[in-house]
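Working notes, beginning with the structure itself.
Letters are used for the chains, namely A, B, C, D and E, taken in the order the chains are written, and counting of residues starts over at 1 for each.
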Amino acid sequence: MPPAQKKGVLHGFRRATGVGAAPGTIDRGPEPISSQCRITRISFNIENAEEEVIDTVGELNEDVPADRVYWFRLEGTVNTDTLQQLGDAFGLHPLALEDVVNTHQRCKVEDYDEYLFIVIRLPVCDAGGNLTTEQVSLFVGDNFVVSIHEGSNALDPVRERILWARGRIRELKSDYLAYTILDTVIDNYFPVIEEIGNRLNSIDELLEGGFAQSHRLEIRNVRSDLLLLRKTIWPQREAIAALLRDDCKLIHESTRTYLRDCYDHTIQLMDVTETYRELCADLRDFHLADISYRSSEVMKTLTVIATLFMPLSFIASFYGMNFKRMPELSSSFGYPTVILVMASVASAFLLFFRRRGWI
Amino acid sequence: MPPAQKKGVLHGFRRATGVGAAPGTIDRGPEPISSQCRITRISFNIENAEEEVIDTVGELNEDVPADRVYWFRLEGTVNTDTLQQLGDAFGLHPLALEDVVNTHQRCKVEDYDEYLFIVIRLPVCDAGGNLTTEQVSLFVGDNFVVSIHEGSNALDPVRERILWARGRIRELKSDYLAYTILDTVIDNYFPVIEEIGNRLNSIDELLEGGFAQSHRLEIRNVRSDLLLLRKTIWPQREAIAALLRDDCKLIHESTRTYLRDCYDHTIQLMDVTETYRELCADLRDFHLADISYRSSEVMKTLTVIATLFMPLSFIASFYGMNFKRMPELSSSFGYPTVILVMASVASAFLLFFRRRGWI
Amino acid sequence: MPPAQKKGVLHGFRRATGVGAAPGTIDRGPEPISSQCRITRISFNIENAEEEVIDTVGELNEDVPADRVYWFRLEGTVNTDTLQQLGDAFGLHPLALEDVVNTHQRCKVEDYDEYLFIVIRLPVCDAGGNLTTEQVSLFVGDNFVVSIHEGSNALDPVRERILWARGRIRELKSDYLAYTILDTVIDNYFPVIEEIGNRLNSIDELLEGGFAQSHRLEIRNVRSDLLLLRKTIWPQREAIAALLRDDCKLIHESTRTYLRDCYDHTIQLMDVTETYRELCADLRDFHLADISYRSSEVMKTLTVIATLFMPLSFIASFYGMNFKRMPELSSSFGYPTVILVMASVASAFLLFFRRRGWI
Amino acid sequence: MPPAQKKGVLHGFRRATGVGAAPGTIDRGPEPISSQCRITRISFNIENAEEEVIDTVGELNEDVPADRVYWFRLEGTVNTDTLQQLGDAFGLHPLALEDVVNTHQRCKVEDYDEYLFIVIRLPVCDAGGNLTTEQVSLFVGDNFVVSIHEGSNALDPVRERILWARGRIRELKSDYLAYTILDTVIDNYFPVIEEIGNRLNSIDELLEGGFAQSHRLEIRNVRSDLLLLRKTIWPQREAIAALLRDDCKLIHESTRTYLRDCYDHTIQLMDVTETYRELCADLRDFHLADISYRSSEVMKTLTVIATLFMPLSFIASFYGMNFKRMPELSSSFGYPTVILVMASVASAFLLFFRRRGWI
Amino acid sequence: MPPAQKKGVLHGFRRATGVGAAPGTIDRGPEPISSQCRITRISFNIENAEEEVIDTVGELNEDVPADRVYWFRLEGTVNTDTLQQLGDAFGLHPLALEDVVNTHQRCKVEDYDEYLFIVIRLPVCDAGGNLTTEQVSLFVGDNFVVSIHEGSNALDPVRERILWARGRIRELKSDYLAYTILDTVIDNYFPVIEEIGNRLNSIDELLEGGFAQSHRLEIRNVRSDLLLLRKTIWPQREAIAALLRDDCKLIHESTRTYLRDCYDHTIQLMDVTETYRELCADLRDFHLADISYRSSEVMKTLTVIATLFMPLSFIASFYGMNFKRMPELSSSFGYPTVILVMASVASAFLLFFRRRGWI
C-alpha cells in the first residue's frame, strides 16, 4: 500500500518535544512506552571479554577499570528516567539526550570534548515490507561506548565479534569499536539497495509486456524509497567526513584509515542511489513515451477505419433515401456504378493512408 | 481560494519605503497604523523576575542595573515615533530600524559591534487558513534584548518560562534569552510542516480514487506553501550559521552549543521541505501520467467500438440501398450470407484487437 | 507584441565595436547619435551645494577645490569626442570608456586604484510597455563621481536630495554619493517586480475561467521578463559584493554598512525573481495539466456517445436492409423485440460506463 | 541538413593518436594531409615591423635579436615533421605538440615555465552554413609567439594592426600580442551569437503563424549550436581566469588589465548563451503547449459534431427499419413528431456544449 | 536486450563481503572462482627488460635489486590465498586488499605512505555487445607496480612498450609506469564514446524516417550507457586530481606533467559524455514532440472526415425513413433540393476547415 510506504518519509520530521518546551527537555511526548528496554554491558580487553545484562542504569558506570573498553548497549525504547541517569553517569549534555529521544534526527557527529555524540540511521524493512529507518545513537568516550537503538538485533554481529572472534576489535580502543558499529550499520544499506535494484529490474521486465497501472505505482514506490535513502545517506557522508576531518583526540590515527573506508562505502551508496534515481526517472519517461506512442497508434487505427467507412456509408445511405424520383435507382447501371464508385473511394483513401505511412 | 493562498509569496517583496527615499528613512508608507502597540519590559536575574507594561518608549532604558537582563517586548504595529525613540535610547542604526519597518526582510544577522540585529520569520496561518510569515526583529545587546513582533502571542512561552519556570534561562545572559526566542520561533515551523505532510497524505489517498480538478488545485497550493517555506528557511540557516561562525563577543561559548542545536533544527526543516517538494512533484507527475493513461484507455474503448461497428453498419446500409436491380436482395441466400459476412468481419476485428492487446 | 517584448533579452549581447578592432577603441558604431547629451556639474560640501549646466567637457575638471565633492552627470547619448575629453580630464582607462559606449555590459565593479569604475543597469519600461534595462556607468574618484546614463531623469531623486534635503549625503564623501546612486537605481527594481507580481496574479485569476491562447502568451512574456531581470540582478550581486569585499581605499568603513544594505536588497530581489520564476513555471505546468485534463474530459464525452449509439445505429441499419426474405421483419414480435434489444444494449453500455467512472 | 549540423558536436572527441600509443606521440593518424601549411614570420619592435614567408621550419628560430617580438604564424594543416622541428627549435614539450595535432582540445592554458601553451577555439561557419569550431594553438615565450591555426585568415586583423596600425601593439611585448590574438578570436563569437539570436527571432515570428515540422527542426539545430557554443566557451572562461590568476612571469601587469576585459567578454558570451538556451527551451515548451492546445481544439470540434449527429442519425435509421408493423410510420403525426424529437435532442446537446464552454 | 544492457549499472554496487563481516575481510563470497589467474613479472631498467611467468606469489618479491623497476601483473580472478600472500609480500593494508576483491569500487587513490593504492575502471564491451567496466587495481611502490585486472589483455600495449619500444618508459621509474597504465586504460574510453556517438548519429538518421518502438529502446540504451560512463569517469577525475595535488613522495615532478595530460583527457571525456547526455535528451524530446505532432495531424484528418460526413449521412438517413407521409419524398424537387443542401453543408464545413488551417 503506497500511502503506508511513504510514511517513512512523511513522518521524518516529527518531534517528540512540544513547541515552546525548554531546550534540552527530555520528554518522550505522546508516544506510548510499551516495549521494554534491555541494557547490556560488554567489557573487554585483549585478554578476555565478558557480557552482563544489567537492570538499572545506576550500575552502568560502576567498577570501570581503565584498561578495559566498555560497551553499554541499550536496546528498545529507553524511558526518560533511564536516560536521565545515563546522562548523570557519563556527564552527557541534555541537548544530546534530547536528540536521543527525538528519534528522527539526521545523521550527525557532535564533539563534546570528553565524548563524541554520533547519530546514524539503520535501514529496516517493517512488517508490511516498507522501507524505514531506525536511529542508532552513540556516545563514544575514552574507554566506553554507549549505544542506544530502538530496534533490537542489528548490532549483534558486533557483539559476536567481540565475544568470539577475538580479532583486531579486542586489541583496539573504543574508537575502533565505534567504527565497527558504524560499519555494521552502513553494511545494512547494501542489501536494501540491491533489493531496490532487483525491483527496478523486475519492473523493467514487466514493462516490456505493456504498461499496467500497478507498474506505475511500483515505480513511484521505488522513487519514494530512493528519496528516503538519499535523504538518509547524504548527511551520513557529512558526518563521517567530520569524524575524519576533525582534530578530535578520541579518534586515533589507525582508526582513521578504517573510517576512510567507511566514507568510501557511503560515497558508493550515494552514487548508486543517484544512479537508481536517474534510472527510475528514465523508466518513467520511457513508459510515458510508450503510453503516448501506443495512444497515437490506437488513434491511427481509429482514423483509418473511420475515414474509410464514413464516406462509403454515406454513399450507401444516400441511395437508401426514399425519394420517388431518383433516376439512378431505376437505371440498370446504377448498382454496378455505385459499387465502382465505392471501390474507387476506398482505394483512394487506402493510397492516401499508405503515403502518410499510417498503414 | 488559491490566489489568496499565494499572496504570502507574491507580496514577499513589498517595500514600505518609496523609491528614491533617503536610505535609513523610517517610513511606514501607505499601510494603515490601526492596531495598537503594546510594550512590556521583563527584567530578571537569577533571583527574581518582574514584568511591567510601559506606556512610552522614553521609559524604556531608565534604571537599568547592570546585573539584570532586560527584555523589551514590542507587540503589534510599532509607530514611527516609538521606533525613533527606541533607536535613540539604545543607539540603534537607522538602517536596522528601516528593516524593522519593512516587515518583508529575509532572515539575517547583522553585527553592529555593541549589539546584534537579528531578523527571523515566524510562520502563521491567517484567518483564511493560508500560510504566511510574520517578521520578528531582535536587538541583542550586552544585557538587553529588544524584540519587535507585529503579531501578538507567539513569544508567550518564553515569557512564561522566565517568569515561572526559573530554569537555565534565569541564570544566563541576554544571548541565551535571544537563543530561546529563536528556538521558540523555529519550533513553530514543525507543526506547520507536519500539517503540510498531512495534506500531502490526504491528497495521495484521494487521488487513489481518481483525479479531480480540486486535487490539482490542492497540489498547487501545497507546492506554493512549500515554496514560501523554503524561501523563508533557507536564509534562516545562513543567519544562524553566521551567529555560530562570527567572532561576535555577545554570544558566549555555552550558548553556541545551543545555537548549534537550533542550526540542526533548521537543517532538518530544510530537509523535510525539500523532500516534500520532491514528493509533491512526484504526486503531480504520477497523476499527470494517470490522466494520460486513462485518456488512452478511453480512446481504446472508442476505437474498439468504432472499428467494430463502422464496417458492419456500412454493410447494413449497403443492402439498405433502394436500387431496383440488386440481385442479392431477391436471392434467398442473400440474408444469411450477409449475416455470415458480418460475423466474420466482427470476428476478424476482435481477433485483431486481442492480438494488439486492446481487449 | 511578444517578439518586441523579447528584444531586450535577444539584443543583450550586441557590441558597438567591430570584430578585430583594437581593444580600447571607443567607437559608437552604426547607431545614430540623435539625442543630445546634457552635462550637469553638481558640487557640494556640508555648507552649500550648487548645480550648473556646462557645455563642453573641457570645463569639467576646472576649479575643483579639494574640500568639495563633485558630481558630473552626463545624460543622453554621449558622443565620442566628449568621452575622449572626459577620459583625458580624469585619466580614465580606454577599456573603461569602451565599456561606457557598449551599453550592454553586465553589472560590474573594476578598481583602477585612483578610481572605481562601476556599471549598473536600470530597469525601465519602454514606450510599448516592454521591460528593458539602461546602463548607468559610474566613475568614483576621491572627490568626484562621474555618472553616464543614456536615459534621463532616473537619478533626479539623488540630485534633489543633494540640493534640497541636506541630509547625510552632504556630510559624507564621494563614496556615499556613489552608494546613493546605486541605491536609487536598485530601488527602481522593486516597482518593476511588484508589477510582474500583479501580472502573475491577474493571469492566475483569468486562468480560473479557462485557458485562452493569450494567457499562454502572457505567461511566456512574464517568463522572458523574469529571465531578463535575473540576468541583470545576478551580476549586480557580485558587483556589490566586490565593493564590500575589496580593500579598496575609496570606500570608507561607514559607507560599507550602507552598501551591506544595498547588498541585502539585491539578494531580496534575486529571491523574489527566483520565486516568481518557479511560480510562473508552476502556473504553466498547472495549466498544461488543465489542457490535458479537459481534453480527456472531452474525449470521454465523445466515447460515451459514440459507444452508445454506434451499436444501436447498426441494429437499426440492419433491419433497414431490403432483403426479400427477412423473417423478423414480417413477424409481429419483430419490432418490439428489436426495441427491447436496443434498450438492453444501451443499458449494458451505460452500466459499463458508470463502473468505469466515465459518467 | 540537421545530422550534418550536429557533426561539430558529435565529432568533438575524436583523437588522432591511437589507443595505447606512447604519450607524447605526434601522429596525425588517418586524416589526409591535403592542404598546404603556410608559415609566416612577423617581427616587430616599436620602430618597424616586417613580414616574411618562410619555407622550412629550420629557419624559424634563426637570427632572433632580443629587442624584437617575433610572431611565427602557421596556417593550414601542419605536417608531423614541421611540428617536430618546431618543437626542437623552441624546446616545446611533446605533450603540448600532441595537443596541437589533436585539434579537438578544450580551451586551456598550460604553463611550461619558459613558455605558455594556450589552446583556444575559433567559431566558424562551414560551407554548408553549419557552425563548427577550429583550434588555435599558441606558444607564448618571452619574445616570441607561435600560432598554429588549421584555418586561414581569421588572424589577419592582428597582422594588419601590427604592420599598418602601429598602435599599442608595437610598443608592448609578446604577452600583449598573445592577448590581441585571444581578443580577436573571442570577438568572432559575437556575430555568431547575434546570428543565432536572429534565427531565434525569426523562428518566433514564424511560429506565430502556426507550427510546422521544419520549425521544430530549426529549434533543435539552434539548441545544438548553443550546446556547442557553451561547451566551447565554458573552458575558455577557466583558461583566461588561469592567465589572470597564475603568477606566471610571462604576463605583465599592464596586460592583465586587458585580459580582465577579455574575461568580461567571455562571461558575457556565457551569459547570452545560457539566456538563449533558456529562451530556446521556452520556445519549444510554448509550442509543445500550442500543439496540445490545438489538438484539444480539434478534438472539441470532432466531439461536438459527433455527439450532435450520432443520436440524430440513430433516430433516422430507427425509422428506416423495414418492419411490417411499426405503428408510428403510418400515423400521420409520426413524421412531425420525429422532427420535433430530433430538434429537442439537438438543442439539448447544444445547450450542454455551451454550458461546458465547448462552443 | 535492454535489461541485459542495464545490468552493468544495476549491479554496480554488489559487495562480495557479507553484512557484518569484519572490516578488511578478504572474501570472494559466493562468486565461483573459475578462471585461472596468470601472474607475470616484468622487470626492467634502462639497459634491458625481461618478463617471466611465475607460479606462486611466494616468488613475487624475491631477488629484487633496487636499480630495476618491477611490474607484477596479475590477470584473471585472483584467489584469496594469492591475495593474502601478495599482501604479506608487499605489506599491503587488508582494507586495500578487500577493495581488490570487491571489484565494483569507484575510481580512487589512497596514499598508504609506502605505496599508493589506485583503483581505475576499464570500459569493455561484453559478448552481447553491452557496455560494462572492469576494475584495474594498482599498488605503486618505490620500485614496483602491482596490477590486478580481472580481464586479460587490455594492458598488453604497456607490456609491449616496455619490452620492445625502449622509450621514455624504460628510463623512468615506477610512477611513470603507473601513469602509462592509467593512460592506457583512459585511452580505452575514447573508442567507446566514439561508438556511442555513432549510435546517436544513426538513431538520428533513422528517426528522420519515422518513429519506431525500437528507436526509443535504443535511445534508452544509449542513455543508460552514458549514465554508466558518467558514473565511472566522474570519480576518475577526482582520483587523478588527487594524484596531482597530493604531496605524495612517490610521484616525481616530471611525471606530474604527464598526469596533467591524463587529467585533461578525463575532463574531455566528461565533457563529451555530458554533451551526449544532453543530445540524447534532446533527441528524445524532439521525437516525443514528433509523436504528439503526428498524433494531432492524424486527429485532424479524422475530424475533417467525420465532421464532413456525419451531417451528410444524417440527411441521407433522414430521407431513408419509412414514414407514410413525408411530403418531400413525393415532391419532384425533393431529390435535387437534398443534393443541393448536402453540397452546401459540405462546402460550409470545408470553408470552416480551411479558415482554421486544418486542410
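We take it that a contact is a pair of C-beta atoms (placed from the backbone, for glycine too) under 8 Å apart; a residue touches a chain by one contact, two chains touch by 3 or more.
Quick caveat: nothing in here was measured; it's all calculated off a predicted structure.
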Contacts common to chain C and chain E (chain labels): D
Separation of chain B from chain E, taking each centre as the mean of its C-alpha atoms, in whole Å: 41
For chain D paired with chain E, centre-to-centre distance based on mean C-alpha positions, whole Å: 25
Touching two or more other chains - residue numbers and ranges from chain E: 292, 295, 299, 302, 306, 310, 313, 317, 320-322, 326
Graph class of chain-chain contacts, one of line, ring, star, complete, other: ring
Chain B to chain C touching residues, read off their complex: 2-3, 6, 9-15, 19-24, 93, 95, 98-99, 104-106, 108, 110, 210-211, 213, 216, 220, 223-224, 227, 231, 284, 288, 291-292, 294-295, 298-299, 301-302, 305-306, 309-310, 312-313, 316-317, 319-322, 326, 328-330, 332, 334-335, 338
Partner chain B, residues of chain C touching it in the complex: 157-158, 161, 165, 167-169, 179-180, 183-184, 187-188, 190-191, 193-194, 197, 200-201, 204-205, 208, 257-258, 260-261, 264, 267-269, 271-272, 275, 278-279, 282, 285-286, 289-290, 292-293, 295-296, 299-300, 302-303, 306-307, 310-311, 313-314, 317-318, 320-326, 357-358
